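Below you'll find a set of structures to go through.
Common to both upcoming complexes is chain A, partnered first by chain B, then by chain C.
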Partner chain A sequence: MSSFAAGELMHVLAVDDSSVDRTLIATLLRSSKHRVTTVDSGKRALELLGLESDVNMIITDYWMPEMTGYELLKKVKESSVLRQIPVVIMSSENVPTRINKCLEEGAEDFLLKPVRSSDVRRVCGRMMMR
Partner chain B sequence: MEGSNMQRQVVYLKKCLFDQGYLDEQFHQLEELQDDVSPNFVEEVVTLFFRDSSRLIGIIEQAFKILLCRQKHPQDFHRLRTHVERLKGSSCSIGALKVKSECTLFGGYCDEGNMDRCLRSFQNVKREHAILRQKLEAYFQLLRQVGPSEKASGSGN
Partner chain C sequence: MQELKRSFADLKYSIAREKILNEVFDQLYEEGYDFASETITLFHSEAEKSLTELTARLDQEIVNFHMLEVVINRLKGSGLIIGAARLADACLTMATYCDASNKQGCVVSLNHVKEEYQLLMSKIESIRKLENEIIAAGGSI
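Up next is the complex of A and B:
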């Protein structure tokens, strides 16, 4: 994973099978001047992560066909190369067991959809202070 | 004079969409993301929503056709649930309140494994989806007629 100095803007990988939500999260992130790459599945996310080493944060939907956001989180955390990349999960459902499961697996945060600009500022601000 | 009448119509149409529960606060959030760089952002996102949601509704319809022909298994309802969750998620993201609410009910019936209620609930989802599409198409058509200089005030709260 590419490390970056505190205050530098991030390269965020946004993963969501919904084109609406991809557009929305990309717009929110770009309005904070971060660089964004969007993909529509966990599989494509892993392919991209294998090719590009400068991703600073992953933000992924929970409910996706074939590979859920939780499964993507697990694969990232199991990888010696990728495990340092912070992962944020998004979901439209407030299910405490789901949230706890993701946080226990190493997710940095869990955002309820619809994601707001304040959520993005909070999460990105925290990452940039690390 | 005509311009201000149309602008009033735009404001009134939007107010009705909120007062009648078709849209919620999230729609305002989309409007706040609209700027000079993306002057049609809201309409573009809404167009994406109806493209994706129509496809999802078609997938759910196909799933029902298959289910009605054979014995139901728990994973069939789980599959339905997954599709509904995706529809609910994008409904949330554009502030489509009634569609989201019907999806929530539908999802609950999937969890119960109740095929009859799933079917009836799905009809409600489709109905609310069609109504919202009609209303938003009318709204954006009027907004386009009002013109870009009026859009900022038409989009305000």
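Up next is the complex of A and C:
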């Protein structure tokens, strides 16, 4: 993972199979001046992570076909190269067991959809303070 | 102009009272009219595809309930983004049937999802029509 100085803006990888959600999350991140790359699947996310080493944070939907956000989280955390990248999960469902499962697997945060600009600011702000 | 704006306010009030759209819909406009308009257009396009896919999947001899649940949750999520509260609730009901692998429940609830979607889009169309009239008359949203 690319390390960055506290206060620098991040390169965020946003993963969601919904074009509506991708547009919203990208808009919220870009309004905070972060660089955003969006992809529509966990598979594409892993492909991109293999090519680009400057991703500072991954924000992913939970419910996606083929590979859920949880499965993507697991693959990231199992990788010696990628495991340091913080992963945030988003979902429209407030299921405590699911949330705990993601947090126990190493997710930094779990955001309920619809994601607000305050959620994005909070999460990005915390990452940038690390 | 005053008449148009009054009609617009009345329409928004009745839609909110019927819980078809909630305050999240108005919050979309905080990012700008173009952003709100683009998001609604994207939602419409994606929802049409999702509903077509859900119908096709339920027509199969063997139903893949996992994929049904993925698609209905996608529709629910994007509905929530534009504040479509009743549509999201209808999607949640169907998701519950998907989780229980209940085909009959899915069929019935999908019909309800489609009804809510048609109602939602007719209201959004009315909103857009009034917005365009206001803008054409020199006003702003």
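Assume the second predicted complex is superposed on the first by the 130 of 130 C-alpha atoms of A that agree within 3 Å, B and C clash if a C-alpha of one lies under 4 Å from a C-alpha of the other, contacts with A are read in each partner's own complex, and residues count from 1 in each chain.
Throughout what follows, a residue touches a chain if its C-beta (ideal position, glycine included) is under 8 Å from a C-beta of that chain, and two chains touch if they have at least 3 such contacts.
Note that this is a predicted model, so its numbers are computed, not measured.
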item	value
Clash-or-fit label for the pair chain B, chain C on chain A	clash
Partner chain in contact with A:Glu93 - chain B first, chain C second, else both or neither	both
Touched partner set for A:Pro65, first chain B, second chain C, both or neither	both
Chain B versus chain C as contact partner of A:Arg122, first or second or both or neither	neither
Chain B versus chain C as contact partner of A:Pro114, first or second or both or neither	both
A:Ser18 touches, of chain B and chain C: first, second, both or neither?	both
Partner chain in contact with A:Arg83 - chain B first, chain C second, else both or neither	neither
Chain A residues contacted in one complex by chain B, in the other by chain C	17-21, 23-24, 27, 31, 61, 63, 65, 91-93, 113-114
Chain A to chain B touching residues, read off their complex	17-21, 23-24, 27-28, 31, 61, 63, 65, 91-93, 113-114, 116-117
List of chain C residues in touch with chain A within their complex	24, 31, 35, 38-39, 42-43, 45-46, 67, 69-71, 73-74, 76-78, 80-83, 88, 95
Chain C-touching residues of chain A, taken from the complex the two chains share	17-21, 23-24, 27, 31, 61, 63-65, 91-93, 113-114
Chain B to chain A touching residues, read off their complex	26, 29-30, 32-33, 38, 41, 44-45, 48-49, 51-52, 82, 85-86, 88-90, 92-95
